[in-house]
Structure formats: C-alpha cells, structure tokens
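Worksheet: one structure, shown below.
We just call them A, B, C and D in the order they show up, numbering each chain from 1.
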Amino acid sequence: MAKDLTLLFILALPLIGFAINGVFGKKLPKAFVGGLATGVVFIAFLLATTLFSGLHGTQIVKLFNIIDFDGLRINASFQIDALSIWMTLIITGIGSLIHLFSMGYMSHDEGYHKFFTYLNLFIFSMLILVLGSNYFVLFFGWEGVGMCSYLLISFHYNDAQKGEANSLAGRKAFIMNRIGDVGLLLALFMLIGQFQTLEFLRIGKALQDNAVLQGSALFFITLCLFIAATGKSAQIPLFTWLPDAMAGPTPVSALIHAATMVTAGIYLTVRSNFLFELAPATKDIIMYIGLATTLLAAFMALRQNDIKKVLAYSTVSQLGLMFVALGFGAYSVALFHVTTHAFFKALLFLGSGSVIHGMHEEQDIRQMGGLAKLMPITHFTFLIGTMAIAGIPFLSGFFSKDEIMAQALHHNPTIYVVLVLAVTMTAVYMFRLYFLTFHGTFRGGDTLKSKVHESGTSMTLPLIVLAVLSVFGGLLNLPGLFFKNAAHWFDHYLSHGTMGLDQVHNAHLPFTTSMALMIFASTIAIGAFAWAYLTYSKKGNIAKADEAQNGWERLSAQKLYVDEIYNSIFVKPLLALSDFAGKVIDIQMLRNGVYALADGVLNTANLSRKWQTGFLSNYLFWMVFGLITFVAYYILKLSVWH
Amino acid sequence: MDSIVILFISGLLGLFVGMRRQPLSALVISSLGLTGAALAAYFRGQYTSPLAAYTAYIPTQSAVVILLCIVTLLAIWGGYQRYRQENEHTGDYLSLVLFSLCGAIMMAQPNDLMLFFIGLEILSIPIYVLVGIEKGSALSAEAAVKYFFTGSFASAILLFGIALLYGATGSFQLVEIQSNLAIGIWQSPMAMIGSLFLLAGFAFKIGAVPFHFWGPDVYQGASNAVLMYMSTVVKITGIYAIVNVFGQIFRDSYFYWIDLISLLIVLSMFYGYITAWKQTSFKRLIAYSSIANAGLMLFALADIHNSNIFLFVAAYAFATIPLVTINEFADQNSDDLSNWEGIAWKNPLVGAALVLALFSLAGIPPLAGFFGKFSLLWSAVPHIPYTAVLALIASVIGAFVYLRLLMLALKKPEVQVKKALSAEQTIVLLLTTISSITALYLI
Amino acid sequence: MQAASSIGTSLDFYLFVSFALFTIGAIGAMTRKNMIVLLMCIELMLNAVNLMLVTFSTYYGNGDAQIFVFFTMVVAAAEATVGLSIIIMAYRNLKSIDIDMYNQLKN
Amino acid sequence: MALILLPLIFSLIAWWIPSNFTRIFGLISTISTLTLSAVTVCYFKSNEPILIDLGLRFVRFSIDSLGFTMMLLTNAVFFLVFLSNFKRELVHDIRFTALALLMQFGLLGIFTTNTILGFYLFWELTLLPIFLILYWFGNFEKPRAILQFFLYTLLGSLAMLLAVIGLMHATNQQTYEGLLSADLNALGNTSTLLMGGFLLAFAVKIPLFPFHTWQAETYTKAPVAGTMLLSAIMLKMALFGLLKWVLPIFNGIATDFWRWPVIVLGLIGIIYGAIIAIRQNNLKTLFAYASLSHLGLIAAALMLQNGETNQIAVVQIVNHSIVSIGLFLAAGIIEHRIGTAELTGLGGIAKVAPRFAFWFGVLTFVSLSVPFTAGFIGEFFLIKDLFAAHNLTGILASATLILGAVYMLKAYQAPMFGPTKVTSFEDLHWSEITVFAILSIAAIYLGLSPQCLTDFVAHSLSQPTL
C-alpha cells in the first residue's frame, strides 16, 4: 500500500471510530463500541509499523489546501519521517493498550460510548499534532488535544460529590493550556513574519542556507515555542494543571497525562531543533526550567498520599528531566526517555487504575496496603514499573535516565549533582508508594478488603505487555559499552530520518566515566529500594495524617502552596478587575454617564418652560427684544465689516 | 386668482348654509370649494379665465395653492367631528377658514408688498376669530386675546418694515425693490433695518424663537380643528412668503442676515424640542414641535437661489394633521397626554397612522419627513454646515419627544377597548398615511 | 428715484415723529395692562407707519404709498372691530379687561 | 430584483395572515427567500455583479460577491431565527413576523445597494422595525434603556447623514464606483471629518469601546429573537459598511488618520469586553460583552486595509453570526424553560437535558474557536495580521483566546454542570436541534475550507493595500 494512503488511513481510522461511536454509540452494545474504538487504534498501529519498516528519508503527503494567499499558503499536509512515525507508534501502540484497558475499567460507566468517542478523537488530534508537516497543522492538533483533555478530565462532571471539582479541573487545564497556546500562536506569527511559511522543511532549509534573521527574532520565536511547551508539558510555571487533571478517569491519566499529550512539548522542541540550535540562550532557559521543575515536582511527590497524585508529580518531574536533556541539545536522548517513560508511566498509571478499580474508587494509599496478595498481577507489573522509573539497572528507565545524567555530567557537573538529588527523590517516593500500596497490612477495613479483587484480563493484559516493554525498552538505545554494533540504534534512527537532527551529535563519555555513572546510579536506586523496604515494609510505619506532618512534609504535601500563590497573584486580581470594570467603569461611569447626559439635556426643559410665563406683556417684550437684537447685530456686523 | 374667487364664493355659501344649521351641506360646499380651487390652480393657464388679467398680481405657484387647499381640506375633515355634533358655528367656522385661506394664497408668493400685507391680514383676522370661536370657554377667549394682540403687534412691526423698505427704494414691487437695492442702496441702514423688521414679522408668523410665545398658548386654547389649520397652513404660507420676499429682495445682502437665520434655527429647534419634552398637554407638545419645525423650515433661506421647501412643509403638514386628528379621536374636549395611553390599540388604522406620522416627524426614512429634511439639508449644508450639525443634534432630542409619545401610544393596555373612527377621520388618516409612505417615489 | 420735492429737508423730522410714535405705541403695548389701551397703542403704531408712508410718498412723489395708507386704515379698522369683539367675549368670561388676568395658558 | 423585494412583499402580506398560520408563514417566507438566493448564487459569477435598476433616482442595486455573501448570511439568519423560535409565543405574533421581514428587506438593501444615499436609507430603515420589536416584545422596565439604544443609533446615523450629504456634495458622485474613482485626498481634512461621521455611526453599531453601553442592556432585555437579529446580522451592517464603503472610498489621508484610533478602540474592546464578561452573572449579558470582544477584533483587523485580512474578516463575520445565534439561542432556551438566565440560579442541566448539553457544548467550543471551526481560522489570521502590523497589538489581541476560554467555559459549566439546581428541563425541540446542527456544520465546513468563501469574496475586496 502506498505510503500516503497508509498515512491517511492511520489518520482516518480514529476519526471513523469517533464518528461511529459518537453518532450511534448510545444504541450499540458496549462490547462493540469498545472493540471498535480499540480496533481502529490498533489497526492504525499496525499500519504505522508498516510505515516504520519501510521508512527512508522524509516524505510529505499533501491532503488539501487550507488557505492560499500570495503572501502565505497553508496546506493540510503531513510528514512521514523518523520522528513523526516514532511518535505515531507510541501514540497508537500505547493508545490501543489503554483503550483495551479502558474497556474493562469503564465497563460500569454510563458514559461508556462517550468515553471511547473522546478517546478516539484524542488519538486523532494527537496524530495530527505529530504527523503535521507544518506548524499550522501542528497547532490544529495542539488545540485539539487540549480540547479533548478538557472533555476527558471533566468527564465525570455529574458525579455526585466530585462533579464540580472535576469540571473545574478540566477548566483549569484548558485555560493553562490556552496560555501556552498563545505562546505557540505568537511563535507562529513570528515564523510567518520571518519565513513566509510554516513548513518545517522549508524553515529548516532556509536556516541551513543561513537565512538572515532580524535581531533577536530567533530568541523570541524559540522562547514562545518553549512557553507553549511549558503549557502542554506541565513545566514551571504552568504545571499546576497536571496534578488536578488526575480528576479524569485513570486511563485518561495514563494516555493523555503520562504517555502522549504531555510529551507534545518535547516533540515540539525536538521538531524545531533547527531553531533551538541557533538560540543558545533559550536552550539555557529550557535547561534551568526543566531542572527546577524536576526538582520541585520530585519534592512535592515525596509526601503525596493520593496514589495518582504521586504519579502525576513524578510525571512532571520526569518531563522536567527530558527538558534538561533538551536544554543540552540531546534531542534523541530526550525522545528516548519519552519512549521509556511512556512505557513505564503508562504501566504505573494503569496499575494504579487497576488498584483503584479493585479498591472501588479508593485512591488514598493510607487506606491500602498488602494488596500484593490480593491482586498479584497488578502488584508484579507495578513493581516492574516502579523499578523501571527508579532506575534499577538494565530496566528501560535505567538506560534512558542514565543517558541524560551523562549529558549533564558532560556539560555541567553541578547540574549533574542536582539531577542526582532529583533522581534519588524519585526512587524514594516511588518505592514509598509501592510499599505503602502493596505491602504491610490492609488498612482499608475488612468490608472493603472482602471486596478487593484482581482486575479482569482486558485490564491485566495491557499491564503485562507494558511491563515487558518497560523491561526491555532500554534495548532501543544501549549505551556504547555493550554490543557495539547495536548501540545507539535509536540515535541513528532518529538523526538519519529527521530534519536537523543529523546536525546535532550527542556527547559520548569515555568508557570508565559512563561505567562509574551507571554503578553510582544503580547504587542510588537500590539504596532507595532498601531504605523504603525498611521504613515502610519492615517497620511498617505508614504515611502520617495531614495534621501530623512536620514542616517539610507539610510543604511537600501542600505542593509548596503554588496553587494558593497563583490564586492570590493572578486569579483574584483578575476577578477584582472584572468586577471593577463591569460595575464601576461600564455601568456607573459610562452607562450612567450617558443617562446623566441625556437627562441633563432633557431636564433643561424645566428651565425653558419657565420662559413661557403666560403674561402677554412679556411676550410682547421678548418680541421687541428679538427685534432689537437683530438691529444690534446688524449694526455690529456693519461696524465690523466696514 | 380663480382659486381665490372660488374659495371666497364657497365661503359665502357656506356662511349662509351654516345659518340654516346644515353642517353637512356646509362641509360639502366648502370641500367642493377647496377642490374646485385646487383644480383651478391645477389647470391654470389651460383654460381662458375671465380673471386672467389679475392673475399676474397673485403669482402663487399652482403647487403651493393645491398644497394649501388639500391641507385645509384635511384639516377641516379631521376636525369636523365636533362641529357636526354641536352645529353652532359650523358655517362660520368653515367660511372663516376659507376666507383666511384666500389671504394665505394671496400672501404666499407675493410680487407686491401691498397685496402681500393685505393677504397677511386676510389670513390673520379670521384666525383671531377662529381661535376665540368657543364662546363659553375662558381658555379659548384668552387664546384669542393673546393671539390678537401679539398678531396685530407683529403685523405693525412688519408694516413698519415695509414702510422703511419703501422709504429706501420708493416702491412696493419686489422686482423694483430688488433692482433698486441691487444698485448699491441696499447697504443703506434704512433698507437693512426694514429687512430686519420684516424678518421679525415673518418669524412671528411661522413662530420661531423668540417670536414664538403666542404658539403654545394659542394652540392650547384653540380647538383641534383650528389648531390643525393654524399649525399647518399659517406656517406653510409664512415660510413661503419669507422665502419669496427674502429670496427676491435681499439676496444681495444675504451675508448680513444669514447668521440671524442660523440663530433663529438653532434657538427654535433646541428650545422647541427640549421644551416639548416636559409637556403634559398634547396641543402644547404639537405647538413646540411646530416651533422646532419652523426652525428647520428656515433652512430654506440658506440657499435662496434654489430653495426647495415644498417637500418639507408637505411632509410636516401630512404628519401633523393625523396626529391632531388622533387627538380629536382620543378625546374631543381634553388635550391631556394621558388620553394617549395605548391609543394605538383602539383602532389599527390609528396605530399605523400614528407610527408613520411620528417616525415621519422624527425624520426616519423612508418616510416623507426624512426626504423633506434631506432636501432642506442638502441645499443648506454647503452654506451653513455648523448650523446643520447643531440642527441634527437637536433633532435627536426631537426624536426623543416623538418616541416618547409613540411609546405612550403603543403601550399595550390590559383591556383592549375598540373605538371606531368617524368617516372623515378615517379618510384623513388614510390619505395622510398613504402620502407619507408614497414619498418613496422621490427616491 | 426722482429728487425730493416740497418737504425735502424736513423729511428727517417726519421720520423722527413717526418713529417716536411707533416706539411709544410699542412701549405702551408692552407696559399697559388695560386691553383697550393696548388696542389703542397698536392703533398708534399702525398710524405711525401711516405717517411714515405718507411722508415717503410725498418725498418720492408717487402715490403708491398713499393707496397703501388707505388699505392700512381699513385693516386697522377691521382689526379694531375684531379686537373689540374679542375683548368683549373675554370680558364675558373673566369679568376683567386687565391683560394680566389672562394667564391660565402657560407651561 | 425579487431577491431584494421578496421580504418586503412578504412583510406586507403578513399583516393579512390569520394569526394561527403566522409562524408557518414566517418560516415559509424566509425559506423561500433563502432558497431563491441560494439558487441564484449558483448562477452568480463573482466577477460580474448583478445590476438592478428600478429607475429610482438615488437608489440602485449592484450585488457583488461580498454583498451576495452578506445576503445569503442575512437570509440564513432570518430563517434560523424563525426556525429556532418555532415553539415560542413570539412567532405567533403577526407584528413580529411582519417587522422582522421588513427588517430583512432593509438589511438586504444595505448589503446590495450601490448608492451611498441608498446605503443610508436602508441603514435607517432597519432602525424602525428593530425599535418596535424591542419595544413590544422586550421587557424594558424603564423606557430609558430602549431610548438609550435609540439615542446612540440615531446620533450615529445622523452624523452619517451629514457625512453622506457632504460626500455627495464634495464629489458629485453617488454610486459606489463613482465614489471610488473620486479623489478624496484632495479634500484634505474634510475627508477626515466626513469619514469621522461614518465612523461614529459604525462605532455605535459595531459597537466600539466607548459607544457600547447600549449593548449589554439591550441584549439582556430584548426578546431572544431580537437579540439574535441584532447581534447576528444588524451589527454586521457596520462592519460591512466599513469594509465595502468607507475604507475603500476614504483610502488615503482619512484612513491614515483614523486607522490607529480605531484599532486601539477595538483592542480596548477586545480586552475590556472579555474581562467584564468573566464576572457577568446573566448569561445574555455575558454573551453581549463577549460579542463586544469578538467584534472589536474584526473591526481592528479591518482597519489594516489588507485584502487578505478582509477576506478572513468576512469568514470571521460569518462565524460570529453563527456563534451569536447559537449562544443566544442557548441562553434563550434556558431563559425560556427555567425563567431566568442568572447563573446563580442554574446548574446541573446537563443531567436532565443531555441533548441540549451536547449542542450547547459544541457551540461553546465553536465560539472558543477550537480547530476545525471557522473561528479558529478567523482568529488565527486576524490576530496574525494585527501582529504583523504591530507586535503589541497582536499580543494584546491574542489575550482574547485566554480570557475567552475563561468566560466561555464558565458560561457553559455553570448552568450545565455544577451543583444541581435544575431538576426538570424539557429537552430540545426538533426545530432547535436543526438550528444547532446547521450552525455546527456551517462552522466546521468553514473551518476546514475557508478558501471557498475567501475566494468568493476576494473579487469584491480587491482594494488598494497599503
């Protein structure tokens, strides 16, 4: 099958699923709905693999023309290259697994068909985002995924007690994303101003032929792009929406807020590498922001007691890690971590989903414990995920994270030190989570304990698959010290098929250093494991109640009060301003001003009527007065003009 | 000339029939007379009139004569209801109207100041009587007194102006006066002051500020019928006369008096509209609106060489008459605005006529009023643009006045009581309504 | 205009007189309260005009103005009759000829 | 010719229609007008305008592609208004039907007339019916509010009248082509003044920032149908006048003088309206301020006098009509079924009326200009061009995206989601669903291929760019 046709099918399939489920979903049986939704995504995945296998160079598929001005022409055209196809594989692959999982997870939900409709729509927009061959199409997808994420976060809007909170969380996410979108928008405008095109290839070409740019244009363009990235990928300062987004159903958190959408920022940066390479200042900013994010998020995760919140903050932290890599210009490394992160974070979320499902919507880990025996598969897979993210040797996370650490060390040792701190915290809170959840004694009470059960196949199967991936995902990009010929396969794959990436080359450390790094990293991970085991499993002490927390714990549990700060800095003033403008300026000043004017004019009537006294002699007097005025005026005029 | 004679004769006949207490036949006769006059004016020159020799002295355009006759006809019919019921003065009333109409036609477009003055008096004196025609009512008497004294005072002033003009030029013929003034004498103070006295007299006739005071009082004192006649015919005649006299005699001294005209315009419009806002009496409201409209009419003097006032005065008359008719329909003996509440619901025709008349007065296209205003401004804007701006601001206030009346009349009452129009009223409303729409053909 | 005839130089005098009469009449009309007197004042004004017209007519030596004067007199007579009858009617209603009694019509 | 006169004829007939056929009649007449124009557009070549000369002195018609677009829009809007109110008392009232049709006639006249005086005539002609509609069917407790609307409009249009007269005197031209050919720069400041006269009228109608105070109150108090007519099509008269008449004719000194003032006012409107909308408690008031914000964007963009911007502006104009019909319909449905549009009294409707929730949601996203909708294209390119004109303007304008999200989501979530306050809510009637569906489809179609529209109007917008 011709490539472009394949591509179109990849795009069309989720849309078809969306259409069918959206229109007829209510009538159709649940099995069919779920099956269809999952099926289309899976077929898309298979098609993507064919593309992947037959991939060489870059190919543009032009669909139709959106707008055509002599200044600027924008096509709905798509791009097949290493990067886009890789992202497609992740999206469709993980996507189909999570669809499968959802079939079990949402089975009792009345909004079943709606859920799958939204999911398919999301997959569609996400594919548009990554496959688009120009920034405009990318922006299409960019806004689209934002919309879907809104829909899915506030999916349970009419939940009895949490309904309003859910919808508010969705709103928050949408607005925060919108702020980022504006950044992207401005970047696009500047790009148009500079290059009169939005095609990635054209812009890259122009830059390679070192087109002259006015002043600091590139800096601002890249900066705006990065602002957009912070919006989608939940970096400081726009990260607060992601934890709240956990209000959505867990599969959504797994798909959108761990595996795919939040990595859109990284994708954007990698895609625009040719721009960032020319803007070192921006790269530094990215690096430091990423650093701060990863550190703070990890810290906040330390004392979260909501199983999903922990994972959410760890996601933020991991994303920060990727941005650090991007800051160093190690694009393939960042993308490698995106991949592995997609594996194990999806795994973790689904695992937590399975736990929550089994616990009947209980999310507080203080109510859990000892689930290892009750839900073995979930436990096992969750353990793998935890080890992977914590960086236990030879699991996927180990390699990808190690690469980033290596880059850090190579560029700037102090950064490396800070990263070590962050990584340590990651290991600590992950294992804390693991042990509190699965080990020790069950704390949820017997009634609940009796009901806890392992999830069905449709939910466990994805877990297993993802677990396998999380284990072996590292093989994609082995460091140079193992099997030389297979090493850095991912780097080569990416750099050969993607605009601009063939220009940049990751730093490779000498053998001994990297060896030392790995050993050091693994010791940290294992150490953390041991410590957590001792504290939470052996001593069996559990997370404290909110009141009991001491200073730093409270700080961590309260997320450093960022939400409150934002509230008092931005939200409240805006509302106050709105009130002021609406009530004072608009009504009291402008509208009543108009009224006052009108009344003032009309009330002079009260004066003017007094003139009509009703006395004849006055009338006669005024007539004579008028006459005299005439004459006086005439004389005056005569004397003036002659 | 023929028209005048016809009117005069039918007036006399009406008088006799009136004595015989036959209001209907009196109406018929006077209507016939008016129609005949209009026809005579229409076919002027197409037949050999025995009076052709005299026609030269009263060169009033046929169009004007016809307009005056039709307006009078409508006025008579619109206000006829009361006279049909208590048929005390019907004959007197009708014939007085016809007599004064003769004067109107005489003075509308004079070529001789002497005839003009006589016409003026023939126009005025019957109206003095008409205003006071209600023997019993004190208000009517007071109105008559006020109108009489102010009126004769004004005509004295006007006469003085004529005399001064004669002194400056030695003639009453407009043509001669113009030629004499043209050869340089017009700068002589005597002529100019004479022109100012004339201006004052005219300003009184059309009721422009500050010569307007008689207006509201007299209108309020007069019956609807007389009010209709006064507020239309007198104004039309007055404005035509001033346009003619000034247009013919003083076109060379334009520079000296145009500012005064602007002053009159602005004063009249603002004063008229603003004062109208607080009125509780419909007749006074109409009076003030007519004062403001007098101001608008004066725009005709801005461009004396081709001043087209016809459209505006016609529109004004065709908008005022239905309103007063509706007032008659609302309540014969009171002119309190409270009678107007929800009146549009008593009768669909009334509603339609009312909406159109008020919008036409407010100058909203595509009604006649707009085209009148437009034609005036069209010629005025190049000469006195700033006056035009002020005038438009004033007419926004005016729109307020009319809309207030409209909203009062359209207010939906709880219980809808239907009320029938009398035959003449129906005809009047129909005619005026149609005419205010058919101004469209002017587009 | 032909040259001034007999009264030539004293033209100004006549004019002054008539103007004075007119002014007196106007002021009287404005100030006096009795309606009869008001009527008289207005008659006075008209006659002032008459005098002026006659003067000019003699000055120019053409008769138009004198004809006009007759008309004016007729008009004045007519006005007087109508005026008087109106006054009488008003008196029937208010039992007074003081003009200031007549101010029910006002805003 | 029938294209233009049909509504007038219908509105005259309407007075004699028995009241129980009224709504059918309204529907039929609007449908027939719509179909007629839709059929004609197939035979319409955008490079040769249809000339209609009724032998009148001051009014001649010439339908170019832009005019045709607006004409189709008008007819569609009226059809939708009648359809959406099919279940209401309103359309049973003969007066409404007749007046609305009369207004339609006036609008068609504005969009198709070829002479400046004709433009003014029709401009004013629309005033009469809307005033009566507002007065009869609105619930203005004080006449002052409605008089305020009238004062503003009348003041504006009288200023325009002066400008029209002055223009005709200055150029001795009255047709569009004649005025285009006339060189107004020769007039110097006079042309600036004349344009000011027009702009005043437009600024009231659009409305621009300081002249907008009639809007919120009028929209809130007016009957929903009246509000739809006002915001969906009547306010477009001003934009159309700006686009078709004033900017091309006064191109030169005058436009250079007025460009930035208007743009600044537009920007103020964008942000000011959006900020105020955030805290409005009444749904209709909220949407009123929202449309202040949206139209400010279009007005500001038009002043750039860039051919392509104008094409996109047309797209955005259509989009705004779609959005405002939809949103005000939704608000009206809520008001009509529950009796209040105050957000404090609403909540949890989505539970009881899922269909309404769905369609209202779709329209909300359309107005949020998410991808695949016309608003996305419109806002993207308009802001782009503003940005190209000056970075700051672009940045300020793009604030509308964020603030828009804030208030629109509030406006949707507060009544639909949120704590359950509404227990019974009669779900949508088929007519309403049809309207919503049509709107959504139109928005999405325009969002995917705006090219068809931009190309269509391109010919009549080929005006001198800066």
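Heads up, the rule we're going with is that a contact is a pair of C-beta atoms (placed from the backbone, for glycine too) under 8 Å apart; a residue touches a chain by one contact, two chains touch by 3 or more.
Being a predicted model, the structure only gives us computed values, none of them experimental.
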Fill in the blank from the handout: By label, the chains that touch subunit C as well as subunit D are A, B
Handout entry: Chain pair with the higher count of C-beta pairs in contact (B-D, A-D)
Key = A-D
Exercise for the section: Measure off the straight-line distance from the CA centroid of subunit A to the CA centroid of subunit D, and report it in whole Å. Expected result: 37
Fill in the blank from the handout: subunit B to subunit D, mean C-alpha position gap in Å, rounds to 43
Handout entry: Gap in Å, rounded to a whole number, between the CA centres of subunit C and subunit B
Key = 26
Exercise for the section: Give, as an integer number of Å, the spacing between the C-alpha centres of subunit C and subunit A. Expected result: 98
Practice task
Could you list which residues of subunit C touch at least two other chains?
Solution key: 26, 29, 38, 99, 102-107
Exercise for the section: Spell out, as numbers or ranges, the residues of subunit A touching 2 or more other chains. Expected result: 598, 609, 612, 614, 616, 620
Practice task
Send over the residues of subunit D in touch with two or more other chains.
Solution key: 147, 151
Exercise for the section: Sort out which chains touch which and give me every pair. Expected result: A-B, A-C, A-D, B-C, B-D
Completion exercise
subunit D partner, complex, touching residues on subunit A are 64-69, 71, 125, 136, 139-141, 143-144, 146-147, 150, 154, 157-158, 163-164, 167-168, 171, 174-175, 178-179, 181-182, 185-186, 188-190, 192-193, 574-575, 577-579, 581-582, 586, 590-591, 594-595, 598
Practice task
Quick one: which bits of subunit B touch subunit C in the complex? Just the residue numbers, please.
Solution key: 114, 117-118, 121, 125, 128-129, 132, 135-139, 141-146, 148-149, 152-153, 155-157, 159-160, 162-164, 166-167, 169-172, 180, 216-218, 220-221, 275, 278-279, 284
Fill in the blank from the handout: The answer for subunit A against subunit B in the complex is residues 598, 601-602, 604-606, 608-609, 611-612, 614, 616, 618-620, 622-623, 625-627, 630-631, 633-634, 637-638
Completion exercise
Seen from subunit B, its contact residues with subunit D in the complex are 355, 359, 364-366, 370, 374, 377-378, 381-382, 385, 388-389, 392-393, 395-396, 399-400, 403-404, 407, 410, 412, 442-443
Problem - Touching residues on subunit D, where the partner in the complex is subunit B - result: 56-59, 118, 120-121, 124-125, 127-128, 131-132, 135-136, 143, 146-147, 150-151, 154-155, 158-159, 161-162, 165-166, 169
